[in-house]
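Just dropping this structure here.
Per-chain residue numbering starts at 1, and chain names A, B, C and D are given in the order in which the chains are listed.
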């Protein structure tokens, strides 16, 4: 019998014998599977219940986003950046906006930077809540989904209040933000920062000392600090192995240097350590939100560069340049001086970067998204060798891969 | 003497009636359009071309057999437990011997390493 | 002595209906969706299944993992070229009677991604019953689509055997 | 550091410093950088400079490696220009494990062949896909939309209005 080939992917030599003379069974954890957090396909060789070989196959959600951005103008690209990592839309916008601003050599006013930090931390919270809800669901804690999505709905209401949209806010744009924070949003945020620590205690009460949760996650999916660095893992995958690398502290952007928060790390190097890192990150996010709200500077929220941002509506009746700027912006768009830049921001999953090459026209020459899930998924095989199939579910969960972000 | 079994008979009839009705109703009312692609094995969306019937390791068989032995042993406890009062000492000693024999077997299996998986 | 007269004499505690209506009522109120989350709309679909906007009130909270036990496929998210044959396979493997809700702009028409990588609308490969606009549509939109589908199922009644 | 002989050009673009290296000795350059502490390959991609107005590029494809030193937080970008059909370059997946999938994706999207890469197959597109989507001469695809500037019929007199 030749190699078993499924859709052109050579997997295993047939007849490979397992430990007790049983043949390896090739199983597809295919694209449509309740536990793969999206359309990830794993081709797994099982010796009985133990994973002997694992090959992730991705690409089932490839949306051609990088080609799409080459066909869109600079300001139009924002709507596409929302949708490639659909659990942290504002953070993708932030990476794209910072890259374009660095190319243009433009600095956004402090109020816009603070609003960007607020939206990023809210998104990090909602992304961790979705992770905890679905990971809890997979490991048997069904009620986690209900608890986590209850808080997530309050965050989505806040998103809707400030940007008019629940998930893909397109709030952070090159040159600033789309709208100033309304008083009602600040009220909701203030109320949220008071309630959230209590809710995180509730999650901890449910999970941290839960014997089933501990048994299913402690010692599962070991990734030593050295391996994590070599494999290029980032985010909770790296910090869960004791490496205190957080882009908000290491290469601060958008005013993160003037907020004091700790980098959540744990040197347990396993699924439980990464769970603790994410819980601590949620608490740190609430602390940052608190500080950002207390010291929210006032002032404009956009760069007042008419070449880049349309003038306010009422000015259109009076001044002729406003009409000219308005017309030029919405027909041709602005152009960015040639050059290339790479900006990395810390998303819930890890380092989400945006590499832009501009050739001086009004459309980018090349936009490359460095995706955290794309790299973290490569560590999947090393973490799950030798474990049972049930533990592999916990390992897929802890990698927290979003397939839109991975396939772009 | 037979009338003590009438409730059991009624119960069986009700069950058969209910199950029969459900099966025939869903057979009659539900549309059925079997075609080749529908009857292919489901493996998360991929049509598997690797044979599913692989030789499994002997541990599964061993564990299955052990389970059956001790499960059947548990079945014998029920009648004994019901009649515990009436059988007094005789029942206890009788069951003690029965359990003793199986306990020795369990100790032997445990020592030979039949229970651990690796 | 028509049925109605009999009902009169029995003091109105009879409900006369046709078998078709009963079958339609039963099927309509227990539509089990297959777990077919692709992209952002899947997150809104999960949000619909949680306590905030409870899809359980419509009898559809049991998201079945395997297509064999589900009768509704909610295509929630963008369908890429690599995923299209798999989506068709899953649709084929669902038992009759089955329905499809195309959730979101990307599933219905390819949405904002008009490029080589996406299938421009899932109705190119599977017959779709209800389309939902929005990117992603709100959970209430999904419930609205489900109610429209339920009306349509109840109206169908008994389907021909073959 | 990279032995000076290999460096063709050096510069700073929008705050990031970059180094241009000849395509043949990319592997040694990255090995030198790795020993020097740049342990993390952040990403690896390719840029297609077909018919580009600005700047004069030596060759059509520019393979870009972004490296970072976790201790000193420095970043450096290494460029290598290649050409040919298919363009070939040395694979660095033995130095940096994350390069494995990045190179497969660059092959999938641009058709750049990485020599002695363990498993150079398509990763994002279906396995039987023809063509390399991210090349500039590959159409964006999708369906022609009636009212858009790319749609030639709309700009001429719409007889069927």
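Methods note: contacts are C-beta pairs under 8 Å (C-beta built on N, C-alpha and C of every residue); 3 or more make two chains touch, one makes a residue touch a chain.
Since this is a predicted model, take the numbers as computed values, not measurements.
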* For the pairs A-B and C-D, output the one whose chains share more C-beta pairs in contact. => A-B
* **Interchain centroid distance [CA atoms averaged], chain A/chain B, Å** => 47
* Structure fact -> Cα centre of chain B to Cα centre of chain D, whole Å, reads 60
* Asked: What whole-Å value do you get for the distance between chain C and chain D if each is reduced to the mean of its CA atoms?
  -> 43
* To do: Let me have the rounded angstrom distance from the C-alpha centre of chain B over to the C-alpha centre of chain C, please.
  => 37
* Structure fact -> Note: chain B residues in touch with at least two other chains are 45-46
* Contacts with two or more other chains, residues of chain A listed in rising order -> 7, 30-33, 59, 62, 64, 67-68, 71, 407
* Name the residues of chain C that each touch 2 or more other chains. => 67, 81-82, 86, 90, 113, 115-118
* Of all possible chain pairs, which ones touch? -> A-B, A-C, A-D, B-C, C-D
* Asked: What residues of chain A sit close enough to touch chain D in their complex?
  -> 7-9, 58-59, 62, 64, 66-68, 70-71, 102-103, 105, 229-232, 243, 245, 250-251, 338-342, 344, 351, 353, 355, 357, 359-361, 365-366, 368, 370, 374-375, 377-378, 407-408
* **chain B residues touching chain A - in the complex, by the definition given at the top** => 43-46, 48-50, 52, 54-60, 118
* Footprint of chain C on chain D - complex, ascending -> 124-126, 129, 133, 138-143, 145
* Which bits of chain C are touching chain D when the two form their complex? -> 81-82, 110, 113-118, 120
* Asked: Any idea which chain A residues touch chain C in the complex?
  -> 30-34, 38-39, 59-65, 67-68, 71, 79-80, 83, 86-87, 130, 133-134, 145-146, 149-150, 152-153, 156, 166-168, 403-404, 407
